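In what comes next, chain A is part of two complexes: it sits with chain B in the first one and with chain C in the second one.
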Partner chain A sequence: MADPNGKGNGSGEPPVLEISGLRLSYYTRAGEVPAVMDFDLTIAKGESVGLVGESGCGKSTVANGIMRYMGKNGGIVGGTIKFQGRDMAELSEEEIRRVRGKDIAMIYQEPMAALNPSLTIAAQLMEVPMIHEGVSEEEAFQRSFDMLAAVNIPDPKRLMDSYPHQVSGGQQQRVVIAMALLSKPALLLLDEPTTALDVTVEAGIVELIAELSKESGASLLYISHNLGLMLEVCDRICVMYSGEVVEEGHIDSIFSWPKHPYTHGLFGCIPLPHADKNARPLAAIKGQLPLPHQRPKGCYFGPRCESFQAGRCDADHIPMEDVHTDDDPAHRVRCLRWNEIDHDAVVSNETTREPIEVGDTVLEVDNMRKYYDVKESTLATLISREAVRQVKANESISFDAGEGETVAIVGESGCGKSTFAKVLMGLETATDGEVRLDGTDLGSIEVKKRTPEQLASLQMVFQNPNDTLNPSHSVGYQIGRVIKRFGIESDPAKIQDRVHKLLDTVKLPRAFAARKPRQLSGGQKQRVGIARAFAGNPKTVIADEPISALDVSVAAAVTELLMDIQREHRTTLLFISHDLSAVRYLSDRVVVMYLGQIMERGTTEEVFAPPYHPYTEALLSAVPIADPEVEKRRIVLEGNLPSPLDPPKGCPFSTRCQRKVGSICDDEPPPVRLDTEGHSIACHIPLEELREVEPVITIPDRDLEATT
Partner chain B sequence: MPQLIMRRIGMMILIMLTVALLLFLMNEGDPRLIARSVLGPYAQDQQLDAWIVQHGYDRHILVRYVEWIGRVMSGDLGDSIIYKRPVNEIFWDRLGNTGILAGVTFVVMVIVALTLGVLAGMKEGSTQDRVISVFSITTTSIPEYASAVLLAWIFVFTLGWLPGTSSMTSGFNVVELILPVMVLTLYGFGYVARMTRASMAEVMTNPYIRTAMLKGLPYRHIIMKHALRNALIAPFTVIMLQINWLLSGVVVTEFAFGYKGFGALLLEAALRRDIFVIEACGTAAVFVAVFTQTIGDLGYTYLNPRIRFK
Partner chain C sequence: MATSTTDAPLVRPDSTIVNAVKAVALLRESPVGLFGALIVLFFVLLAIFAPLVSPFDPNATILPFAFPGTAAPDGGVFLFGTDHLGRDILSRIIWGGQRVLFYATVATISAYIVGIIMGLAAGYFRGYLDEIISFFANVILSFPIMVLYVLIIAKVGASGLNIIFAVVFASSPGIMRIVRGVTMDIATRDYIAASQTRGEGPWYIMLVEILPNARSPLIVDFCLRMGYTTITIGALGFLGLGLPPPDPDWGGMITETRAFVTGGFPHMAILPACAVSLLVLGFNLLADGLREVSLKD
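Moving on, here comes the complex of A and B:
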């Protein structure tokens, strides 16, 4: 990705964007919120700069500040933003309007929300050149059409006349990208452009962004919390902490020699391919981001820093300093002690752990099916009288899980993961087959008919803690209620005692029992969700994307927490996720699902090494890895997930498969081939051939040696 | 869409037939009462019975209902007991008059309500917004008869600009429409305006408005093209219901200004049990109600592509 002449120093051209000493604030009833402090950033022509940092550190605020669009209560307090040499503060409203969308364009996180639901895609695209360049309708149409083709939309003609809700999320984001590129902007701001998308879709979009920016020569400011993505798109990277840049430099330099303890901490939170939950657990950064008006004196990172030195770090505001490396003269860092810290020595989490021994089988899923009836009332179905159709949300799912074991269920959205969880929880009943917990079939017992013991033995941690905590009750009350309902304790004092113990377990202060959910951060809420799930001593816990809504550091902490509790209680953990890095890190066995069917199943080592199912192979390739030394084979899937109402007749993956052998894949369901006792692959390609496939990810030897 | 329209129209006919049946049962359920109101209070029982047999009122109510529906469909609304003339001769004139009043009011009211609603919602919390909101709440809470008196006092007695009655005795006169229209508009616009304001304010916080801003579109263009359509979806149904309210709700205003409209006719007929006039008026009112509701729903569906293409 590195662009040798794109660094902005040396080449004679003036930078596209030059921000210095920028200060941005919001004004709320509680007073001024200084969201961004003393922010400097220079972007050269054609350069891609990544802006990374925890949620709330001010990344979006910077992007909005550049656009001079700070909402009703925001404003620029100080500093300058120069765009193509012009001071943005001096432009009139009318001039700034002409810059927006023409010279600087923005791409957002939620493409569906960013598009107007009641205008056709054509209308929303065409207005850009019509307004900014005054071109005729015909020309605007032609340009929009060409641009849609350029962002690899298969059928631009049909898409032009569609409304946003009629196209998939990935295509919506392509439309937004096309919209941004229509008037050939000099600078593109991308605010988490793929966070709302599935991994395989994300991989396609990221590739597109990287390609297009190269072609069009536009400069990029790429905002993300995902360091792995940065590696695929950016030349340079700025790490932001609490409103200011704490480290910046060339991407290789930052990834290989991060100097700031915060940057270093971020890397420690990511489950890289060679991380190991027992030998080298993730190390979350302690504490949390200070609120903008509660920043400590001296170094803002001080309270969370392992190398904090009283008297020095908490004295004056820390300036940026050059790190003079030969490879990257532009590497700068905001830390007094960057020179003194030996990062290899400061591994905060030295602990290694005993692997959990997997016990007897606790959960058995045997040929479970879940079909939904979908009523249709289109004219065609009225005539053909086929008014009820079936969605096969889960098709013969079989696997089992032992005591203390972690089984991951992996797949993109719509693959049936959540349906499966619902059946387990009794929110739906299985259409066929059995789900046995300790020998009792729970698949046909709905939640209302389950005994308290059955309920207690199977609990769930949800993706979004906001949706599951009752906002009007205190945390302690909500956990206590579960304890009472499951008959664990009935004496109020004992319940209280147990609530406190649970809070200890999830590492929250006991005082939090009195708090309402809104007084907690996202990670804290998720801990409460975990405490609640474990309140009834469950045998099995289903964690449905428990960390995907959380920041890297918080996610690392929650992941470790889940495993600690699991170790202690020997809980069986079903980990539902699309994040293969996390899956690889914490699970013992993996089930890969696609359109409701199991594609591959085996131990983690087996699934992550050849022979792969072609879908597993594509998933593996799609996951961004924040390690420049890891080599990855690129496979970008075309097309979208087929509608579950109308699945392919043969192999469910046949519409997108990169290794499709021919019409047999379209017409006949693939056989399930057994590689070893526990490792099976459902594919028409013989195992011998699949074994020949090269590994998707190659980890350099250095790391292999380090972990073994 | 065509399928939806067909279904809606079917629904509409069904509802109308049902309500008409209720109306019919209430008015003609007891044949003696009809005979009584036709023949007057001094008629004797035998006379009543004879009349009932003679006019076929001894047959089953449902048979009569079907027959009545048939007659109404063919345009025969019966005779007015009071005026001793076919209902047709009075009814359509009156309905037409109200139609004019309601039509003019509707146009004026919708324009005023939408403009003010959009202006207020565009910049939520601004002075502009607050002035408009206070104004619309105030006018809505003044009842029609009060504002009729108040406006008459200002424009008729103090300024002398407008005539005080709207009976149109010397033929149709637009000037005579002004006061009733004003009264109705003042009373009715607030509701639509507040709906529009809320809807507009909500739309303006949507991310796609930010997208439009950051695309560099001029503010006017954003309001007209991106915000308005979405903002009008919610008030649309309310607007259609206003037609309904106008037809039945004009009674007070028509009375206040002596305007010879449908509302006045209905009131008169109800007070004097003029059965066929009541039935005609009732049927018309039901028709308008159901029809506007249907148009409202269809319009809502049309404006909102997320529903349209389901």
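Moving on, here comes the complex of A and C:
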């Protein structure tokens, strides 16, 4: 393989990056915060290494440390970072500046924040070879143009002259990747490069990254919290926990035989295709990540570990040990008991649940439409009475949900699922059609005009844990206010009593009633949000992406909690999500939406098996699955979501559909075809043909034998 | 604000006093802010204990044209000298400071009440109401502020109450703009949607759910604005539109004695001018410090 920089000569192939004993700290009001402890990592040429871990474990700090970009309040405390044989700590500011962007390139999570909004994309791309290699403007233009084509941008010429805000998020990230590759870096750092993108767009970017790493010969450090993505991109992964690597090894080896209890626990938290909410619920890891200055003695994972042994695990700091397997000599783990623990025997969650009997229909949505007029209620429009355009946010939405049932509404951003939630909650009113809760049409009643009973019967769990609670009021006040508003209790002592009971229900200590939201972690805030939603004994709860902002281990706990409370109260749960893994795991029925319309609807089994709507098929393929044994058919959608202001005339999905029949798709709205009583698909392709489609995901049978 | 007080919180959060002490404790990290706070505190203490610390009656004519350090006929020393009418300048600065601080505080708080209500309503209800409020705010803001003051005071007459009225009129649009901006941001948060979906009224949402979260930019602005108002009161006094004589006020002291600055008695005007500058400096440094501390974490 050609060395792009001609520096790696000498005996053998020296590693591109060699980190040993690295310790990184931040200095804050509370004193020194050791963010990364004793970190070792070697990346060979052309290798892609994944760094996986939950938020706060120090992944991004490692990336910034490699770039020597720790900000004012951070610094390298110990250890060495050798890049291409040179110690990064010894480089002068001028030298490090030349390394950054040329030899090491970084790709961040937010593409819009990485691009300069006031320069054209051409200017930003051309600057890279012009500064680092001093090439002419023509040469730089040509190289940029070629690179944009290489990252699969359909119309590079037009894009070169665009400003960042004029292109979609997926294309922006492609531009950032192109920019990073233009200087032919030896090492590419990717910090959650697809987290801000929709799943179908993410699938395209991930495929691109995997391809490019093979073609360009650059080494890759891929940082993510998503184990499924690692499987698609990386050769080797390091699992980080609380500032140190707890397990590393070849991707297959880690995924097949995770040795560290934390790694094993992570897999237990992910709703893999063979998980089942009744027969095999998710096993959340108890407790939470220790704060950097509160790390326990010995093993940092000790307090959360099922296999913890007092006196041994909490004695000394645990070193990394080699796991001698034939397949992977590089598999190492930071656990004293890795050899003793039989992970197949330690099934932390043996509970099974009885399936909920779905009762009478509670919620009926009948041909609901929500159109927005695009106009502003300004004095100018009042005087001029300009014509308004309509955005069809929801078009003919119909479905119903029974008591105790979980109905998932699935779709990517912009599909109208949040608008639907708003109409249901009364924050918007329906343009047409009905939304009946227990027979009363609520769709046309805005929230101000709803009776306390109507308000109480329909409550919501929000997406963003940092936004769901008012930072100025205590947890107890916020839950208590709901109880008071809905007239469940009026005596302060009784309200407090009920607040405490609700905190018990969501498994939080009662003392949390006095806490302010900033004293809570994301998962705890989300629990309070759930307690608040259930405080008024609602009949129906809408959960709008309740776990998408949470770490996997926390998300699992919150998911299980939500379902436990639902079971207890026989609440109807509308679960709005873009995450098909979670949906498959917890919902009874699924509604798939695209651009405001229902594309497919049916029970979970029906939707997740052929016949699929082509959009469902693509969504299923896009979701990364952290199980190497699951086989998946690759479908990568082209293009972007059309603007809802100017939707396609025929089928909304026609512009991106991989199974487009012909002009009929562009011109005529698709017929709704009924597969079974409850399963409908809106597509021009006849059902017989759709039935013959191969399943997207093939799950091996071994999960049967793995049952306890 | 009645709504907020009727709902006794289940668990008493830290009292305002505890929070204030905590905020001052945070100022340790900003030496500049701490210095500003000390200056302001110094003037506040002087104002509170004016009867005890002022050496003479501020309006008593004792010995005209005395230089700083001159001994008074009945004992004591004119530390800052006396003015052309023989009144002790130090005492007048102390008592003047009391009046300036009192009127600046009352005027600024009044401007805040008006500005907050307008800003909350404009930012929360949006639409025509916002357009109308913002339009009038912009008209007032586009006017040269001193001309505005002079017009108002000239029209309604010089008195303490009218100064407050003028300050409210001129300052509240600026406050309204800050509150409006913060309100529009906070109104999109999920906890606001949550309170709407439990049927809370708009004023509960504005005052209890939104306003407390707007406090940090408002506290910083409050300190700055106290400084502006101090200058305003001084300037109005200087123009002869300030607090009515003979009671001392810093601006009035400067204007009464400005003829003697070139006549060999500069201390008569310069010392009260220094008092104005020092107090305004204190407010500005305090505001800087608070901003610095609030940005750290």
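Following the convention adopted for this analysis, the second predicted complex is superposed on the first by the 679 of 708 C-alpha atoms of A that agree within 3 Å, B and C clash if a C-alpha of one lies under 4 Å from a C-alpha of the other, contacts with A are read in each partner's own complex, and residues count from 1 in each chain.
In this text, a contact is a pair of C-beta atoms (placed from the backbone, for glycine too) under 8 Å apart; a residue touches a chain by one contact, two chains touch by 3 or more.
Being a predicted model, the structure only gives us computed values, none of them experimental.
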Could you check whether chain B and chain C clash or fit when both are placed on chain A?
fit
State whether A:V482 touches chain B only (first), chain C only (second), both chains, or neither.
second
Could you look at A:G101 and tell me whether it touches chain B, chain C, both or neither (first, second, both, neither)?
first
Classify the contacts of A:V128 with the two partner chains as first (chain B alone), second (chain C alone), both, or neither.
first
A:G243 contacts which: chain B (first), chain C (second), both, neither?
neither
Take the Cα centre of chain A as the vertex and report the angle out to the centres of chain B and chain C, nearest 10 degrees.
30
Applying the document's definition of touch, where does A:S472 land relative to chain B and chain C: first, second, both, or neither?
second
Touched partner set for A:Y69, first chain B, second chain C, both or neither:
first
Please work out whether A:G443 is in contact with chain B alone, chain C alone, both, or neither, and reply first, second, both or neither.
neither
Looking at A:H165, would you say it contacts chain B, chain C, both, or neither? Reply first, second, both or neither.
first
More residues of chain A are touched by which partner: chain B or chain C?
C
Touch check for A:L115: first (chain B), second (chain C), both, or neither?
first
Minimum Cα separation, chain B versus chain C, post-superposition (Å)?
7
Residue by residue on chain A, keep only those touching chain B in one complex and chain C in the other, then list them.
379
Contacting residues of chain A [partner chain C, same complex]
28-29, 377-379, 382, 425-427, 447-448, 450, 452, 455-456, 458-460, 462-464, 467-474, 476-478, 480-482, 484-486, 492, 495-496, 499, 513-514, 516, 529, 532, 536
For the chain A and chain B complex, residues of the former touching the latter
67, 69, 97-102, 105-106, 108, 110, 113-119, 123, 127-128, 131-132, 163, 165-166, 176, 179, 379
Quick check on the complex: what are the chain B residues that touch chain A?
3, 206-208, 210-218, 221, 225-226, 229-230, 233, 303-306, 309
Give the list of chain C residues in touch with chain A in this complex.
7-11, 13, 29, 126-128, 131, 189-191, 193-200, 208-209, 212-213, 215, 296-297
